[in-house]
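Have a look at these structures, which come just after this line.
Paired with chain B in one complex and with chain C in the other, chain A is shared by the two complexes that follow.
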Partner chain A sequence: MQTAQHKSTCPSVAGAMATLRYGHTLFFRQFFQGNNTRLGNININTSGIHSLNNNVSKNLVFVSNSTNIFENLALEDWLYKNFDFEKQSLLFMWSNTPCVVIGRHQNPWVEVNLKDMKKNGVLLSRRNSGGGTVYHDTGNLNCSFFSSRARYNRRSNLEYICQSLKSNWNLDLTISQREDIVLNNFKVSGTASKLGHKNAYHHCTLLVDVDSSMLQKILHASQIGIKCNSTPSVRSPTLNLRAICSQISVDEIIQVLGNYFIKNSSSQCCDLNFVNPSEENFPGINVLKLSFSNWHWIYGKTPSFVVNWPFGYQKPELQIVVQYGIIESLHILNNTIDRKYSEKLTELLLHQKLDNNLYNSIISSCVFKNMKDSYSNLKEILLLLCSTSVS
Partner chain B sequence: MAVCVNAFHKCLRLPTTLLKLRPVVHKLNATQITRTFCSTNALTARKYTEQHEWIDVQGKIGTVGVTDYAQGALGDVVFAQLPDPDSELNQMDDCGALESVKAASELYSPVSGTVIEKNKDVEETPALINQSPYEKGWLFKIQLSKPEELDALLDEAGYENHLKNTGH
Partner chain C sequence: MASAARRIVCSFRQHKLFYLKSRLQYNAVALPISHIGPCGYVEKSHPITTRFFHSSKPFCGEKVPFKLSDIGEGITEVTVKEWYVKEGDKVAQFDPICEVQSDKASVTITSRYDGIISKLHYATDDMAKVGTPLVDIEVSGSVTEEPVEELQEKDAIPLGERDESLDTLELPAEKVLTTPSVRKMASDHKINLRDVQGTGRDGRILKEDMLRHIESLRSSKSAPKAKQQAPQEQPNKAAVSTPQQPSPPTKSPQIVRPASPVGVDRTESIKGFKRAMAKSMTAALRIPHFGYCDEIDMTSMASLRHSLKENPMVKERAIKLSFMPFFIKAASMALNHFPVLNSSVDETCENITYKASHNIGFAMDTSLGLIVPNVKNVQSLSVMDVAIELARLQELGNKGTLGTADLTGGTFTLSNIGSIGGTYAKPVIMPPEVAIGAIGRVQVLPRFNNKGEVVRASIMQVSWSADHRVIDGASMARFSNLWKAYLENPSTMILDLK
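This part shows the complex of A and B:
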């Protein structure tokens, strides 16, 4: 058994991995026992489920000190995979610097403007839960509610958010049929979830003071003739809570939601825990970070799709079939493309990954130089498909 | 056996083999019903997991899907991520996901083995899982590497009991 330093006087989760946000001291306690890891008195499992020593149900609150989307997605995934939620629930709150988060089964080429994202330094990421695409910045608060699969209840989590915000700021929040939180008919929160065998989580966004012009710009994809069966986003008009209530801020909401969540627990000795998603605190998290920021997860995980060129015509001349982010096949239809070009195109594109290397190959290729002017649009579309930067 | 009879009446969407029997069964007395169900169970040999997957084994090949209860609880499935052929799976491995109403539900393999086929129709039209969970909505076929794992899975009566006991 290895015992890490522990400075907290509270035997509860408050001592688990708390640091003051923006701050200072690391209260940290960790026990390794074979494959089992124990943080404070929160039981987690790395090989099986270990129940609490007592039967008290607990509500824990973690707030991430990180504003990096990949670190926060990794921490969310780590908690989902390692915690035992049989007798405890957890509210994890986190914010990110500008980024777009697409749903697990979505197509980034359909959902976002990849060129504008690159230009504006906005990161792209893919989460594990279902649902549609969202834009995040530090004016948005994400709330992940973890529980056992049996106690998973999306509506009650949303009601809890509505009640606590209503009681503090008198906001007239309601829950829509799609389980979005709505204010004056505008969406202020979007929801998605992931359900496993033992554990489940429901997470939602809360638009407090988001850069809405960037949101509009980035979530506006160019139509390039993609045919796919990936999950489509349902677009809704959005509103910042700040527009209705000028005093509200992300930090205040964290305090209000966190304290309200703890108050509803039968064991109230806990406090808000500000945590660093580091390898030291969460063994194995670095591997998760790498997998979330990896091209293969963000782009390669896209359900297979077909690009029909030229876009909008009933009879396309060229069909590009993409699977796992790689050009699997090219179909030249109607023999409209000269054979010598079609061979060169195939040589250039077939079995290539849609990434920066292919982007550079297309830029330096002479195939398009001698083709008809109308084919310059094909080059643009191919370059757009290859605008798949990763951090 | 009483459980089977209850299950029969409770089931909203029955496997075709049972559906075909339905009008006949109504005319029979209790003893005959019992006999009918024994033979039906022997014919289908479908096994279930507590996570609501079913597996129907013919020889060494098992066809896997989710139960009628599962499809009802999921709601309209909008995307099915299925394991690719040649994937090696251990029993209870997370091998895909079904997405419905903004939730991704993990899919588990009821047995160990090698995936030999996935249902491309379901990938194309995920609603088949809702419309026909036991037939057109099957998910993947797997060559069993440890057929003995089947012994620990639930039979139809056991699964119905499990649903009852967990309040469904």
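This part shows the complex of A and C:
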């Protein structure tokens, strides 16, 4: 591992930080004089940034000091919205404590088993880019490649990763048709991206040493009869890089990828910057953190779906329509449920958000106690729908 | 306004802070926490708009089809996942229109023009082909961007860069400074950019300049809208103040401009108090209401108030004594006998909570809209205390500085709509309360007294609404009778004084 020894103080500090808010220009000095080290035995100095020359593309690397998914998603979003990537690109690397990240237009009830997640303390979050559901833990590295819309190129980013890993650890990585990184026919990375009119980012996971059994367990949703138009996930068998090469670790990959990325810029530049996603460093990030971690984003953004009960039967008895995470309407079909129960069910469920409050009302309600036993499955499914929890 | 002499190359440093300041709000808006997603854009589900609106004059602009541009990577089809606009919405250039998804890439499509959305070609979850029209926009001629915003989109200058960079950042071919939208306009109308006078910073050609040039080329057409000064609000992206500019519209030569219509539609987004009211009303109408109305003879009350006004005790306390403190106190006294009217039910109507405090709300009409602050613990207050509290709340309400403590926690509400006018009303209960009363105007009407003579009486109507799930007509009637009795014979209030 290398120790960055040069400490240059940059006179015009703002080289890469093109567009920060007026009044926060002091941020630069504050940010760059810190000595954030994440790795115990490696000394990385956050050095100043040299001033820009015209027409030169610059490559920056940020590494997050936080392992909270919401903080990291917020930082990613902050960078997407507030940085200018006309003359530079940024590689942002981050990893999180166990969590599941679903794509922008996905349905969490279809993708994961919420009860299992709650039991195992796994957080659920929704990202801004498309694509499918992924499981993260600290053995997984996320790389977000930021650039201007014009220079957005997914494949070249993936090539970076493949080549740098190949040259260091001799891993035979290839890029599949779906733009996943594949090793020995197993998926080791998933990709997604977000394009705006000025900026774009492409991010991908990298399975280094992830708890595979937990991954399999969590990303397995039980069928509860949901019909929806949300983006489905395409499941593939996965593999940890560690299984092939035992010396590899997330921290080492950060170093390698970071340096490789920087070397590819045409300007002499800085080292890896370890950042704290705090309000001081990134003004406005707290609001983003809150918006990523609240119920309305995670569950309320789900495209509308219908739950048919009982599942699997040709003629369902009950149809629940959920829109924006709220039970919009209930349809009792075929007159199979007694009128008094159907009225009480409607009263209990209609216009309710699928959240803890509804969970508790269903548990404490006496509607199900009086209904036949065959309806206990309905109760279970309703409880599963309401096991939404936001930490 | 336009002047060629404006080509001044400014020292970048002087305007560094200016640029920083103006970059401030690019996409980084203050997000109300609960309902805005991280993308910060208008969300269909929670329609809080982050873009500003302009009051519109009818646009006689052309309907331009905005085609779905190439996403790249050889993608020919995308799925439209979410619309941020609907037909009839106004958009500004660079406002987000929709979110499309293609193969793991989620793309935000932003508008190329200012105008009004006249047609959406696809619905949510439809497959849209690249190169086909996505929306039709009726392009307006009004210019709302101002010089600095042009810079924001194009220049994005990192600090510390040299001055010459300003020039080299623009497409160097013609060395004419302007934005892509203006270039497109020029190419559409086959105008050489060098012919157009630029009035922006460093002689940049603004959209307004282009439009003026186009106008001058078509000297045969009239311009009825040139005189209109539409008051316009700033878009979020341009933080610096805009000088108001007259707006000559664009139009194609084929369209014959009709005579300007008399009235204009004005669309406003529902924000702040209005929005809160809209939300609470929607919730309120889920409650099964029943109404009960009655007439109250206010003759004695009127004379009481008249005599109290002259009373030295009242004069020295310098408080305006209207009827309202009496109404509120009488209601509280009646509530002591009918606690069910001062209760609250939960959403599923499984539990009823009999509230101990009588926090009686009263409707206040302010410039911001209808707000209902409440007077806390009326059961422990005297009429004078209530009057003092009312005055305090009214003052705060007029200033718009009522706190949440004053606005929440109400258990019963009285609405004195009669101060504006009206007799009978059908008030809407404010959840989680269960009852509300609307008090009409005091009118002088002929009535029969005990002896059968026709006398003048001050009559006031009251209309109660209550939640029929927990309150029955009889309770409401008896409560109303008691309240009526207190007011018709104010001396009975002394009997129940606590």
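Heads up, the rule we're going with is that the second predicted complex is superposed on the first by the 339 of 391 C-alpha atoms of A that agree within 3 Å, B and C clash if a C-alpha of one lies under 4 Å from a C-alpha of the other, contacts with A are read in each partner's own complex, and residues count from 1 in each chain.
We take it that a residue touches a chain if its C-beta (ideal position, glycine included) is under 8 Å from a C-beta of that chain, and two chains touch if they have at least 3 such contacts.
Because the structure is predicted, anything quoted here is derived from the model rather than measured.
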item: Touched partner set for A:353, first chain B, second chain C, both or neither; value: neither
item: First, second, both or neither for A:203, with chain B first and chain C second; value: neither
item: Touching partner for A:105 - first (chain B), second (chain C), both, neither; value: both
item: Touched partner set for A:187, first chain B, second chain C, both or neither; value: neither
item: Touching partner for A:82 - first (chain B), second (chain C), both, neither; value: second
item: Between chain B and chain C, more extensive residue contact with chain A; value: C
item: Where chain A meets both chain C and chain B, residue numbers; value: 103-105, 128-132, 178-179, 191-197, 229, 231, 303
item: Chain A - residues contacting chain B, complex; value: 103-105, 128-132, 178-179, 191-197, 229-231, 303
item: Residue ranges of chain A in contact with chain C within the complex; value: 12, 14-22, 25, 51-52, 54-55, 73-74, 77-78, 81-82, 84, 86-87, 103-105, 128-132, 152, 154, 178-179, 191-198, 202, 229, 231, 284, 287-288, 290-292, 294, 296-297, 300-301, 303, 323-324, 347-348, 351-352, 361, 365
item: Residues of chain C touching chain A in the complex; value: 17, 20-21, 23-24, 26-28, 30-31, 33-40, 43, 45-46, 71-73, 81-82, 94, 99, 101-110, 124-125, 153, 156-162, 164-165, 168, 286, 347-350
item: Interface residues, chain B side, partner chain A - complex; value: 51, 78-79, 81, 92, 94, 97, 99-106, 108, 123-124
